[in-house]
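Look for chain A in each of the two complexes below; its partner is chain B in the first and chain C in the second.
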Partner chain A sequence: MSMGIPEVEDAGCLLCFGYNGADSHPIVARRIVRGRQKGMKIICVDPRVTETARISDIHLQLKGGSNLALVNAMAHVIWEEGLTDDRFIQEHTKGYDEFLKVIEKYTPEYAEPITHIPADMIRQAARMYATTKPAMILYGMGVCQFSQAVDVVKGLANLALMTGNFGGPSMGIGPVRGQNNVQGACDMGALPNSYPGYQNVTVPEIREKFEKAWGVPLSDKVGCPITHVPHRILHEKDEKKRIHAYYIFGEDPAQSDPDLAEVREALDKCDFVVMQDIYMNKTGLYADVILPATAWGENEGVYTCADRGFQRFRKLIEPEGDLKPDWQIIAEISTAMGYPMNYKNTEEIWNEMIDLCPSFAGATYEKLEKYNGVQWPCRDKSMEDKGTPYLHKGGNFATADKKALFYGTDWHPPLEMENDEYPMSLSTVREVGHYSVRTMTGNCRMLRSLEDEPGWVQMNPDDCKRLNLEKGELVKILSKRGYCITRCLPTERVKPGATYMTYQWWIGACNELTLANLDPISNTPEYKYCACRVEKIEDQEWAERHVKELYDDIRVQMGIDTGKGAAS
Partner chain B sequence: MNYFVKGNPDLCIGCRTCMIGCVVVHEGKHIFEVDPDSYNFNPRLHMVKTAKISVPVQCKHCENPACMAACPVQAIYQEDHRVLINTDKCIGCKACATACPFGAIDIVSLAGTRQADGSERKVANKCDLCNNIAGGPACVRVCPTQALSLVTEEDLGGAMEKKRMEAARNAYMEIHPQNGG
Partner chain C sequence: MALKQVQTTCPYCGAGCQIMFTVDADANKIVEAVPAPGRTNDGTLCLKGHYGWDYLNDPQILTKRLRKPMIRKGGKRSPLEEVSWEEAISYVAKKLSEIKEKYGPDSIMGTGSARGAGNEANYLMQKFMRATIGTNNVDHCARI
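Let's look at the complex of A and B:
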């Protein structure tokens, strides 16, 4: 995020794009609600009536998969009506004229049939965003989980650049990261293309710096993105390039990745699978080795918040049983494989890391303690450098000439559109209470009592009526790739023709249906769009029994003790 | 006057933390039972979501409670600014739930207790404003957006006075729009 999360509530206008704060991050949603109470204008772009849509000034309830057409049309209006910040464009950006050539054709009238939003409403939204200062954009998975994702992120950045909404507090553009510490994972280089601190593996000087520090030769090639793994196991002809071993931790691809049938086949065929997690999960069923890990509260270290804030987290209790924290497991495996790692504590690891990363160099444990966290970049170790709450101060961007680049692209539709056989669309979403694949929250009894298997499919009441479905009825939902059973939830908050499911359920596993169509740059799958069909199940008694049997089966396979004796 | 908890749909984000908070304070350490069926998960308020509204709904602690009038065994009574159900006396006849105009009463099972047919005992359940629980209603305390508030006689009086002031100002403005109140 270019801004800090506390700044959200002081924006003049919030363009909330494909971001459902109330369900994904109630703590950020609280800032949105507070901002609203202070008079912040809200434009919400979402195909569903989310909690933010409910309190917005303008809700653009667009057709799924039309993001870039809408963003380009808003840019068109801002340009055509002269609402741009010309001085900012002149002094701090490049590529504006080329960008205008792309957006020229995106009149609101052109976008209307694509987005299903009336042209005048697009005009109103563009005017509100461009004329209310400071204006902030928050976006979420509703932008990132499409095959055209990075283009939309750049499109949103174009809006902020055109209107001069960078370089001060409560403005800019904020990807509110999907998961706790996913920002930290990226910061630490858990990406195929970078070392910690976003230092690219293909740059020779950077590689040499890390080779010197670690005393080993390092590869100059970009690694394999997680979403390419099934293909590299199943279809790679070259024996040397094929993946033979897969070490997975804090991740449950057999639940969270698209097209689960393919993921299962890949895990099955892979010669050696190691799983490291705090509880048993679906991926664990395919593991050759399971390494039990510690949970938050049983270990300590540093998390990064979505707004680049490093925060210390601490151990509350000693873990029981034969458990080690992740960093110790990694160090021992590395040592066993011939590269000894002898760290005494997390601070030693942290200090080594920040000394290799110029933009983190000043974020010492001492400062993290004293200031209750530090937002990077923080380059200087002196106590005066307290980090950077918002980026690009004074319009100086992180490029060689400090100028931002406009980047225009044309909209294209999602890969798999509705058709005769699969006449509805499916998008995967979040619901508050259960987090991610439910490895943690599914083991919290309270949250399990609130919502349990097999989850829900949200549908418009008209569609439910047409298919003769009642609330709570078990239904079968199918795509080209697979099917699952879940419960029907009629709600006015979704449009006819669209369905929405959360991806955490073992039985109602919507990723049986989703499609591994990837954004060419981020390699993120198109979780937000595929074609599906909903079928009524006539024998509901059978369906209820069947779901219970499936659930019991999985629990037995996982060796889960339900407290009622053996899980048999 | 009886007190009640009021939800503000402009602040509510539909997260249901209030429902969890409610169960946690009423169940105490039972929430740590390994078997989820061995404790009561009976939230005394319910999140309602329509196309345009999200807000929890719960007992209004009426001054002339329809539930109390309907109860044939006098299990419902008023005490300490609230309407309460004596669960021991309750025979599970559902008259109160039917009578309540707000849908605030549920008939729920009590884990570990048995009724005549051997199944779990079922009784009427509703908001008790966290009777005998230190700190007041848990839903108000746990809400991340402060969307819930306990309304007392004093609050209600204050709010009415404010509304009357507003009405008076509006009446004046109708006659003298140029003076700006």
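Let's look at the complex of A and C:
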């Protein structure tokens, strides 16, 4: 996020795009509510009536998969009506004229049939965003989980650049990161193209710096993105490029990744799968080795939250059982392979890391303790450098000439559109009580009591009526790739023809249906759009029994004693 | 009962809320979680912050907590057998070394973790893949 989370409530206008804070980040959503109480204007772009939509001034309930058409049309209105910040464009940006050539045709009338939003509403939204200062954009997976995702992120940045909404507090654009430490895993270079601190593996001077620090030659080839792994196991012809070993650390691809049938086949065919985790999970069923790690609460270190904030996490209780902290397991394997890693504690690792990363160099444990956290960039070790609440101060961007680049592209639809066989669309979403693959929240008694298997499919009441479905009834939902059983949830929050499911359920596993169609730059799958069909199950008694049996079977596989004897 | 208070960062979403825990050190159990005045949460928490730590008690609801290293000695689909850490570490090291030797470093993929493990463990994981294995095949769930 270019801004800090506390700044959200002081924006003059919030463009909340494909971001459902009430379910994914309740504490950020609270800032949005507080902003509203202070008079903040809210434009909500979401195909569902989210909580943010309910308190918005304008809700653009667009057709799923039409994001870029809407963003380009808003840019068109801002340009056509002269609502641009011309001085900012001139002093701090490049590529504006080329960008205008792209958005020229995106009149609101052109976008209306694509987005299903009346042209006048697009005009009103664009005017509100451009004329209310400071204006902030928050976005979420409703932007990123499409095959056209990076283009939309750039499109949103274009809006902020055109209107001079960068360089001060409560403005800019903010991807509100999902997991507690997804920002941190990126910061640390758990990415195929960058070392820690966003330093590219293909730049010779940077590679030499790391080679010198680590004392070994390093590869100059960009690595394999995680979403290419099934293909690289199953279909790669070159033996040297085929993935033969997969060391999975703190993830559950057999639940969280798209097209689960393909993921299972890949894990099954992979010669050697190592899983390092805290709880048994679906991926564990395919692991050749399982390494048990300490959990949050039993170990310590630093996380990075969504707004670049480094914060300490601390040990609460002593681990029980034969567990080791993740960093120690990795260090021991490395040492056994002939590359010794000897660290006494997390601070030693942290100190090695910050000295290799100019943007993090000043974020010492001492400062994290004293200031209760530091937002990067923090370049200087002196106690005066307390970090950076918002980026691009004064319109200075992180490019060689400090100028931001406009980047315009044309809209294209998602890959798999509704058709005769699969007439509805499916998008994956979140719910507030459960988290990710739910091995944590599903094992918390209070949270588990909120929702349980097999989850729900959200559908418009008209569709339910057409299919003769009642609330709570078990239904079968299918795509070209697979199917699952879940419960029908009629809700006016969603538009006819569209369905929504959360991805943490084992039985109502929507990733059996999703499609591994990737954005060409981010390699993120199109979780937010595939074609599906909902079928009524006539024999509900059988279906209820079947779901219960499936649930018991999986729990037994996961090592739970259900009274029928636990499996190993 | 020796009660102690420890402040930490919530393990769920990216909001980075600060929580103050009361811990019974003798029983090695968490007693209570209350919001702390963190920069982002400003003395508030959501339901996961309040109640999301019970999994540390291993209540045997959904899945079993992993407590010992395990290996499928008879290959895929054979039962998992508990082993010592020494055996598990040397087995993983041997298998990865063999695969690296036979097919080259780019035949091995590793992931980071965006969840509980923290930045230091992620730093070591990517260092392990890059320096020990010799590949940039490391990624995590940011893109999924």
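By our rule, the second predicted complex is superposed on the first by the 560 of 568 C-alpha atoms of A that agree within 3 Å, B and C clash if a C-alpha of one lies under 4 Å from a C-alpha of the other, contacts with A are read in each partner's own complex, and residues count from 1 in each chain.
Here is the rule we go by: contacts are C-beta pairs under 8 Å (C-beta built on N, C-alpha and C of every residue); 3 or more make two chains touch, one makes a residue touch a chain.
Since this is a predicted model, take the numbers as computed values, not measurements.
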Between chain B (first) and chain C (second), which does A:55 come into contact with in this model arrangement: first, second, both, or neither? first
Just chain B (first), just chain C (second), both, or neither: which does A:341 touch? second
Once chain A of both complexes is superposed, is A:432 in touch with chain B (first), chain C (second), both, or neither? both
Looking at A:493 after the superposition, I want to know if it touches chain B, chain C, both of them or none. Which is it: first, second, both, neither? first
Counting residues of chain A in contact, which comes out ahead: chain B or chain C? C
Considering only the touch criterion stated at the top, classify A:30 as touching first (chain B), second (chain C), both, or neither. both
So, A:322: does it touch chain B (first), chain C (second), both, or neither? second
Looking at A:177 after the superposition, I want to know if it touches chain B, chain C, both of them or none. Which is it: first, second, both, neither? second
Quick check for you: in the superposed arrangement, does A:447 touch first (chain B), second (chain C), both or neither? both
Overlap of the chain B and chain C footprints on chain A, listed as residue numbers: 26-27, 30, 432-433, 445-448, 450, 561
Name, in rising order, each residue of chain C that touches chain A in their complex. 6-18, 21, 23, 28-30, 38-42, 44-49, 51-56, 58-72, 75-76, 79-80, 85, 88-93, 95-97, 99, 102-132, 134-144
How about chain A: which of its residues touch chain B in the complex? 21-23, 26-27, 29-30, 33-34, 36-37, 49, 51, 54-55, 432-433, 445-450, 491-493, 561-564
Residue positions on chain B within touch of chain A in the complex are 9-17, 19-20, 23-24, 31-36, 38-39, 41, 49-54, 144-145
